[in-house]
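In what comes next, chain A is part of two complexes: it sits with chain B in the first one and with chain C in the second one.
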Partner chain A sequence: MSAAAAASATSASRLPAQLCGAASVLAVVAAVELLIRAGAINAFVIPLPSQVIAAIPRIVVEEHIPLRFWQTSKEVLWAALLLATVGIGLGVLLYRVRLLRLATETWVGALAAAPIVLLFPLFLVIFGRSATTIVMIGFCAGLAPVILKTVEGLAGTRPVLIDVGRSLKLTRRQQFWKILLPAALPTVFVGMRLGLVFAMINIVGVEYLINFGGLGQLVNDLAERYDLPGTYGAILFVVLTSIVFFDLTERLERWLRPHR
Partner chain B sequence: MAAAAPVIAAAPSRASTARRVLAVRVAIVLAVLAAWQALAMSGLLFRDVVPPLQAIGGALVALLGRADFYANLGVTAMEIGIAVVIGGLAGLAAGIALGANRFLSNAFEALLLYLGPTPKIVFFPVMLMWFGTGAGSKIAMGVVSCFFPVAISAAAGMREIDAVLIRVGRSFRATTWKMVTSIYLPAMRQPVVNGFRLGLGVAIIGTLLAETKLSNKGLGYLVIQAYATFDMPRMYALLIVLFVLSIGVNALIGRLGRGDRRAIA
Partner chain C sequence: MPADALLKVEGIVKRFATADGGITAVDDVSFDVMPGEFVSLIGPSGCGKSTLFNIIGGLVGDYAGRVTVAGTRVTGTHPSIGMVFQEESTFPWRTVLDNVAFPLEIAGLGKIERAERAAHFVKLVGLSGFERRYPSELSGGMRQRVAIARTLASEPRILLMDEPFAALDEQTRLLLGDKVLQIQQELKQTTLLITHNLTEAVQLSDRVLVMTYRPGKIKRIVDVGLPHPRDAEVVSSDAFGHTVAQIWSDLREEASRGIEDDEARVRAGGKP
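Let's look at the complex of A and B:
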């Protein structure tokens, strides 16, 4: 059996389970609808799922979802640009200067475990209640994986490739651009993907916390207006947007690393 | 004798590298502190945005000497502790169920994987409506944050258990409880510890962020109060304490996990 046929057979064998999973989710939603209508669940705490679905077209139009989506996307893009330049740059620096890498790699690892988003009041003081605060939090939150994976990718270049470069008498710069970077690119992209995921989570979170920007602010706005179906609809929209974002970056990573 | 020579030669080299690494670390720390102090005294930024080191040190000492700091630390620790117990145990149960059953895994694991990395703080308005403005909503945020990494790690850990161990358990007609406590959990200790480590990290963030948004107790509340009153040295002191505690607890659990691995090896 070919690999494609085997993959297709596996996918087909999963279908009943996946359909069952989707049916279960729909059954829970239907049960909640019935329980609210029967008065067993307070409709002022959980709105009717049908109202939530009906609210989505309303919030798309009245709350300018495309504009908010674009605002959040712009913040993510700025953070991505900073991550790609500063994060990869720092990773290359740590790879080049071994002593610096030995001295700081554990610190960068600790940075990955640090609750960076809690710095938002500090960033508010420095940058004000603006998109810069949101972008900087996203950038700081995503920095550690980009640095660590860049170092890992460059350090993992096969020695035979480096030897080929030496035998061709490539300069240090040529060796970096023609051998090290292309070989490290798939691992660097894993770091970029992780960094972007952290950045996106923190950007939407800070938008919500400081009530500024795109999708995060929408949730806060609707909650403060006590528009329950709108709030639940907006949360659903944020979750769906996150899922699409993660899926796209994962597909891109698989495309870059087909051997995985 | 010939084999011992490189070992002896390598030892001073390692010691010298360690000394140089320490020197670089000290130099970096001193350079950052000096740059900070210079920036604080230069007047380039608004007054107190970058307070002098002695002001931050003083605020840190004052903070650690105040009884209300420990009361708020206790509130936050209690919220995070309850959240990790509830979210961690629920995640562990879900992970074991998904890892043990291929049908359940195919049906529901995609939900876990996709919902896991979504920004949980946007669920806070819902938690406020469900659990009120007190500790309940903060604990709920911690539970929601902690559940996913533990469940995902436990499901992956379950699938890595040696099939022979499971067959041995079944051949002894072990009950489900006995299988979980005597076979599954000991065999998947490492991924479970890692899952709890990740879960604790995100539970800390979820709980503290919820406290900064709407609360009158806890360390997150103290941070946002310091911001609201523009008491910058106190805010820096609080952030230092929070970072040291978070990174310290994370490292401690990480060491526990590595200790387990050594014990297994």
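Let's look at the complex of A and C:
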């Protein structure tokens, strides 16, 4: 089977799952609509999905959604770049220096569970009320999974692959770039995805808390105006940002790991 | 020991530290392999075969004795010795061609030259047409052939293999044995095969070195007088059966000792 035929067969095999997923979302939305109309859910707490959909064109125009979407995306992108460079870099360092790894692994694990967002006043003091504060909080929130998964991926490299490198007298640098990193890449990507999720949650959360631009601030504004359909419409754009970044990491991984 | 041996293994002793003092895995092992010769090292599980593989390949240090290739003492891994491992060792992120080209890439060859040379070795192991496939798309036997081609691509003077067909079924093992013999004869490749499979050892080798159970020593060297060229058909010949029986009579005693030792360890509350 050619590569093109294999790709076509794979996408064809995914189609039923994708249709099933879309149908499930539509079914939940329809159920919520019916439950609200039937009075089972309070319409003053959750708006009708049809009203949310109707509010989208309004908030796109009146609330400058494209600009806000771009601002939040930029913050997530910066956090992702920091996570990829600093997070993976620190992971490699901890893998290489065993003493450092043993000394800090528990702390890094604890960092993953820490509610970093609550430290936002400290970040405000350090970086001011700016996008840098938001990016840095997102970066710190996503750092632990990236580090831990990078260490796990590198340490999990099959010893026989390392022996192949040794038998061919690879230098330390070659051993890393040609064997360790490619072997660790699947786990590193798991860490990056987890890190991005943590970063995004915190970025939107801090935008909301410090009322500084982006989609988080819009959600705050609309909620304070008690514009519930608009609030939920804005939340849909937050979800869209998440989907975009998840898809980007998927594409990047497919490009780097065409064999998967 | 003949002066023109390509590989000489002299007086190898290897001890491992254990909780109860230490264990001698290999004890005073000496043998030689002549240029173009196919030698198998056979012994029961736990006789130190893989330890010897790692010592000769340079992956394990801190042993007594010496290993020389064409008179030069080998310490650490050495380009003269190409290793094929028991475990599946292809790089899953590289295509068949890129896997085979790996040693050439490390040696700094240009992209076109290494692709041409890698294609030659892919053809040699009978995988033409699969160059762009990834290991995950191949069978276990095909992946092991990729590993052999990758090792051959580095053009080692000695091919050192550690039970490369251990994970394969018997039919595939016999047919792959044919392929290895064919390649060995075509390249006049000096080969040392570590195995615990009697049929494989006799089918492929010019000489079989039989090892004792722990501590591993050379118990007997058997010359396999079967004519060349050989193929899997040879296993049905009387001479083959006779040689296998001869080696088995030596090996049986060692294998029994291994089983008794395992049982004693389990009874004493240890691990086999």
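Simple rule for what comes next: the second predicted complex is superposed on the first by the 178 of 260 C-alpha atoms of A that agree within 3 Å, B and C clash if a C-alpha of one lies under 4 Å from a C-alpha of the other, contacts with A are read in each partner's own complex, and residues count from 1 in each chain.
Assume a residue touches a chain if its C-beta (ideal position, glycine included) is under 8 Å from a C-beta of that chain, and two chains touch if they have at least 3 such contacts.
None of the values given here were measured: they were computed from a predicted structure.
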| item | value |
| --- | --- |
| First (chain B), second (chain C), both or neither touched by A:L168 | second |
| Chain B versus chain C as contact partner of A:L67, first or second or both or neither | neither |
| Contacts of A:A110 with chain B and chain C, given as first, second, both or neither | first |
| Touching partner for A:L185 - first (chain B), second (chain C), both, neither | second |
| First, second, both or neither for A:A38, with chain B first and chain C second | neither |
| Which superposed partner A:L102 touches (first chain B, second chain C, both, neither) | first |
| Touched partner set for A:V160, first chain B, second chain C, both or neither | second |
| Which of chain B and chain C A:A12 touches, first, second, both or neither | neither |
| Per-residue touch tally on chain A - higher for chain B or for chain C | B |
| Overlapping contact positions on chain A, where the chain C interface meets the chain B interface | none |
| Of chain C, residues touching chain A in the complex | 57-59, 77, 79, 81-83, 85, 87-89, 91-95, 102-103, 105-106, 132, 134-136, 150, 154 |
| Contact set on chain A toward chain B in their complex | 14, 17-18, 20-21, 24-25, 45-46, 99-100, 102-104, 110, 113-115, 117-122, 124-126, 197, 200-202, 204-205, 208-209, 216, 219-220, 223, 228, 231-232, 234-235, 238-239, 242-243, 246-247 |
| For the chain A and chain C complex, residues of the former touching the latter | 3, 158, 160-161, 163-164, 166-170, 174, 178-179, 182-183, 185, 257-259 |
| Chain B residues within the chain A interface of the complex | 17, 20-21, 24-25, 28, 45, 49, 102-108, 110-111, 114-115, 117-119, 121-126, 128-130, 201, 204-205, 208-209, 212-213, 220, 223-224, 226-227, 230, 232, 235-236, 239, 242-243, 246-247, 250-251 |
